[in-house]
Amino acid sequence: MRRRQELLLGALGVLLALGLCEAVGRAGLVRRDYLPPVSEVLTRAVELAGDPLFLDGVGATVRAWALGLGLACAIAVPLGLLLGSVPVVDEAVRAVVEFLRPLPSVALIPLVSLLLGSGTETKVALIAYASVWPILYNTVYGLGETDPLAKDTLRAFGFGRLSVLLRVELPATAPFIAAGLRISAAVALILAVATEILAGFGEGLGIFIAQAGLATDGTRDVLAGVVWAGALGLVINGALVWGERRLFPWTPEHRGER
Amino acid sequence: MKRGRAAASRGALLRWTVLATAIAAWQLTTRTHPSVYFPPPTDIARHTHTLWFSGPPTHAFLTPAATENILPSLARMTTGFVIAAIAGIALGTALGRSRRAHALCNPVLQFARAVPPPALVPVFVVLLDFGTRMQVASIVFSAVWPVLINTADGVRNTDPLRVDVAAVLRLNRTERLRFLFLPSALPRIFAGLRLSLSLCLVLMVFSELLPGTANGIGFTLTDAQSRSDLLTVWAALVLLGALGYVLNTVLLAVEKRLLGRGDR
Amino acid sequence: GGDSDDADAGDGKGGGGGGGGGGKGLERSSVTVAALPLADDAPLYLARDRGLFEKEGLDVRIQPVQQSIQALPALSKGQVDVIASANYVTFLQAHEKGTLDLRILAEGARVAPHMMDVLVPEDSDIRSVADLKGKKVAVNILNNIQSLTLNAILGQQGAGLPEYRQIAFPQMGVALEKGQVDAVHAVEPFNSAIQKQLNARVLVDGGSAPVESIPISGYVTTGDYASKNPRTAAAFRRAIAAAARIAAQDQDAVREELPEYTKVTAAQAESIRLPAYPVTSDAAELRRLTELMKEQGLLEKPIDPGTLLVE
Amino acid sequence: MLRLDSLGQGYGDHPVLHDITLTVPDGQLLCVVGPSGCGKSTLLRTVAGLLPVREGTVSVDGAPVSGVPDRLAVVFQDYGRSLYPWLPVRENVALPLRRRGLGRAERREQAELMLERVGLRGAGRRYPWQLSGGMQQRVAIARALVCRPSLLLMDEPFGSLDAQTREDLEDLLLEVHESEGATIVFVTHDIDESVYVGDRVVVLSAGPGSRVVLDLPVGLPGKRDQIATRGLPEFVALRAEIGRAVRS
Amino acid sequence: MLRLDSLGQGYGDHPVLHDITLTVPDGQLLCVVGPSGCGKSTLLRTVAGLLPVREGTVSVDGAPVSGVPDRLAVVFQDYGRSLYPWLPVRENVALPLRRRGLGRAERREQAELMLERVGLRGAGRRYPWQLSGGMQQRVAIARALVCRPSLLLMDEPFGSLDAQTREDLEDLLLEVHESEGATIVFVTHDIDESVYVGDRVVVLSAGPGSRVVLDLPVGLPGKRDQIATRGLPEFVALRAEIGRAVRS
């Protein structure tokens, strides 16, 4: 009963939001060319589904997203485990890490392009760069939250530090890391599209949006692209939540569902 | 665990040694492989100094360029961060507590979360006036998510036994928040806040790309970029990094006060 | 027979074609061009579609970008060989700062009457350029070609300077309608569109004296590329020159081409004002620009454009 | 008055309690005894309104339980986790007093007083995780007693205490029960204890689907006394009877 | 052989143990009794190498303890938290066997066997949080016993069990002790239990700074038997002596 109800409520929420946007669009704040009502945007977004060229672009964006996010995971989880469990390393690199974190990709695009070329590599590197942090920080904080008694238990059985890390701290932290991954997934998607918009090269959803922005009445197409980005985010998040539910049935949040 | 003062200063020493080594390595590389795009740190430092910190002592050594660009940026960023933090914690708690609210809002929020802010410029322009309001709105729109998600997850994953205890103690809504859900989610909230803080700096730069902006660190940066003034670009990057470091240190201090109850 | 490729020109997409494929002694037959979807580089597309490149033995591949500066790293790295409709102001500044060793292969476009205009709302109090003083005027990028030329125009008419606001072309209409700025400096096709949608009034032609037909964009490459591939560069110049001749004589050819590679609709293409397409590159014309830039502080020291033109 | 009417309870498709009918008059101290895993804790959670009733009804003072009944207090079996680690012990204990509209100073005072009664004088400013297991358990007991509940549910509340402390707290409980007249459901696995503190002892059978196998009023003469009472022949007889029922 | 030499221990500026000297020969089952909060758990954590020694020395088989001794197993007082919620019960029990280099199937088999011995047949596939308190405690015991430790530390391991199960497990412990000959340190607050299972009982005084107030060998005749042994006059005498020491 619950799942159905949730879906219905979610649909209701979407309808409300759409209604609100439609009202704003029709309120006559500005000319329609400048902000078309949602219905037009949605129609356009649906039309785009039949455009193979557009779909290729979306494919390219999604590929860069997956590569970037995968790379971020591969870097962030081990690094987070290292930083969270060896305080010396944490101390040592903290200044450097905190220094690097706020650097905006907008500014990095030309520099990275110069090193990696104006292609997928740059996009992937920038995506990975931005989406490393949520996973990294959630990993580090998760390790800090692990029940000390749970760690002591394994130590008492003679397991070494690495075993404690992999068998207790990692599983105990995994749901938290997954939450970080969920944040990162959206960040990576945004970065994939935004990098395309700001770097202006190649193909992808962002390029579609950037080009649409050059037309005199391009807002409708820009927003149709936004709808696609948002829909991708929705689908990705749904998949991740589903995965979490299957992988972490023991967390308080999922216990009731068994 | 209370760490001794000695351990703390050893940590600081280590931290700065590593940073200094990294900078030295950078200096060396840029000297042996000169490139206009990657100027040596000494040049960047000199340029940063003349650009912003060579002002009169009466102005705390800030140049007019610094007061005109750094202060408004900081104001935007801080406002954005504070709003994002409050909104994120409030909304996150609501969604974490109420299954119904979560079900209702979740799809819309997940949709909004994935929307790339640069593509929203046309909407921002229509709905908001140029200037601070638009900039702060664009910062909040993207910086709120890490706090929101971590808070909601933290609240949802509160130990069920402790929730039962609160029910039995008949704590009311606000008491539950204050004594159970917020403290229990606090580590996660702080993870979110730290992410969101550096995101705010990044977004501050983005927000100063928005139409109608004429000052700010981000504006200086992008303007320098369009003028191929790489030294200024690097100076802005270094300033952002330093700001990020300082702000993060402040947040850590706050966190230590709130979470400082050692291991459990 | 052609010399073999210099391997150093980068292993990007541009490098590949190489070899003696041209048969005319070209160093390399394939050229990668980054191009903007603007009317400025219509000759490039004409040359491609009318086989002018083929005739020169060139295999030209066009990569669209949104802004010319976005292609700068790719040019430095050798991923593209040429940038078409590169904004001179931006690229001259890059040249001065040393981020790029600029060479101009050919001039691309010059300002033409009413291809960009300063627009004000129909009922605006601003009646003449003199009223612009201290008013908020939107330009696409601050401290670039638009403010440069408008300042020159106002200077000549003895009017005070406005306060510039950076607003991208697509948002200028909204900004003007919402009263966020007092005037916008819009380029085609936004120029026509805003006039039509808002009944906006043309205050002054952005291409009037003293900046009439001043060069605004061109086909640029690096010094390295130009010196290593002189014959390829020459072939490219010839093809562009031939295309520019067509464009200059036959505006309809351009108007037909525009909807193919820009977001300009066929209907808009019928009526918008096109830039001028110079058939030959002229250092003297370019000097007008560099001097103006120097005057307004966009360049720190004068540059002799003659040294940049590839002959 | 607490009434269970053919209560059935379980988790998922795992039945735990089956057809439990019990009436606990106001002011009675009912002890519940039974093998590990038979459903004692489940029973308490159901009465506390923390688990929705599956079958039958549970009513307090005539009204069916939906949600947590008024003036209830519970000592959970997993006392360690039930304390809030981010609050000092004193605040943990003072927490339920908020419902009573007391001022800050008074709350603190009552909390300290109750801590003293359970033998934790001076521990008020420490955090729960700085205490030993038995001390934590006493904090949980203090928290339950401090709010003067009219219905008190205790799940093996003295399980981690040494003999001496345990006896002291048994007597404290009896004293509080005497003076406040609360209805108490007291789960224990110590048969002696159940006879010593209880007005009545109920024995549950092993699960799944446990039922009441023995419902025994404890009619011991005189005031309870750790030495004298435990030596009474009635005490020994009751103890033996309950022991038999548990083992059966 | 386990030796404590004028061991002093504490947390921060809070002293707990003071000048404890004890020698536990190989294969002895030592019971430790003392008032709540006196430092029994602290003692076990120190022996397990989980708390650094403050003063004096702790040595196992002649070598001073630094880190966790070999072939150690511990049942923590807070058993609930020491089980891993993400592992089914069976995997929780099989976990220490990984150190022994057994194959997956064998680990699982041994775990199931041990679960059966503690009365949890069929619970192997459930998760710890689906079990009652006493069942969780038995899982923790099974996990400690399954790896055949040579040094076994148990902190009130039967605290949450009903009388019957408790007796069964006491006998299981004695049986395992007999057959494997492990050195066992067994903390309990049940004086009867300490006499019944122990070869020797040590009583600690109330803290802070507790010391050994009684060190008593338990020389009961014959094989232990729940009914016969507890009836022996020696049993009663020992129990009384220990009771006196605890209360003092």
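Letters A, B, C, D and E mark the chains in the order given here, with residues in each chain numbered from 1 onward.
What we mean here is this: a residue touches a chain if its C-beta (ideal position, glycine included) is under 8 Å from a C-beta of that chain, and two chains touch if they have at least 3 such contacts.
To keep track of the chains, here are their UniProt names: A = ABC transporter permease; B = Nitrate ABC transporter permease; D, E = ABC transporter.
This is a predicted model, so every value here is computed, not measured.
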- Query: Could you give the fewest steps needed to travel from subunit C to subunit E through chains in contact?
  - Reply: 2
- Going only through chains that touch each other, what is the minimum step count from subunit B to subunit D? 1
- Query: What are the two chains with the most C-beta pairs touching?
  - Reply: A-B
- Message: Averaging over Cα atoms per chain, report the distance between subunit A and subunit B in Å.
- Response: 17
- Message: Based only on mean CA positions, could you tell me how far subunit C sits from subunit D in angstrom?
- Response: 84
- Message: Between subunit A and subunit E, what distance separates the C-alpha centroids? Give it in angstrom.
- Response: 49
- Between subunit B and subunit C, the Cα-mean centres are separated in Å by 38
- What are the residue numbers in subunit C that touch two or more other chains? 72, 76, 168, 170, 174, 178
- Message: I need the residues of subunit D touching at least two other chains; which ones are they?
- Response: 78, 81
- Residue list for subunit B, restricted to those that touch at least two other chains: 37, 122, 125-126, 159, 225, 263-264
- Item | In contact (per the touch rule at the top): chain pairs | A-B, A-C, A-E, B-C, B-D, D-E
- Note on the structure: subunit A partner, complex, touching residues on subunit C are 12, 34, 37, 63-67, 70-74, 76-77, 79, 168-170, 173-174, 177-178, 189-190, 193, 197-198, 262-265, 268
- Query: Touching subunit B in the complex: which residues of subunit D?
  - Reply: 45, 48-50, 68, 72-74, 76, 78, 81-82, 84-87, 95-96, 98-99, 127, 129, 143, 147
- Residue ranges of subunit E in contact with subunit D within the complex: 11, 14, 33-42, 77-78, 80-81, 119, 130-135, 138, 155-156, 159-166, 189-191, 243, 246-247
- So in the complex, which bits of subunit C are touching subunit B? 69, 72, 76, 90, 93-94, 96-100, 138, 141-144, 164-168, 170-171, 174-175, 178, 180-181, 298
- Query: For subunit A, which residues count as touching subunit E in their complex?
  - Reply: 147, 149-150, 152-159, 167-168, 171-172, 174, 248-250, 255
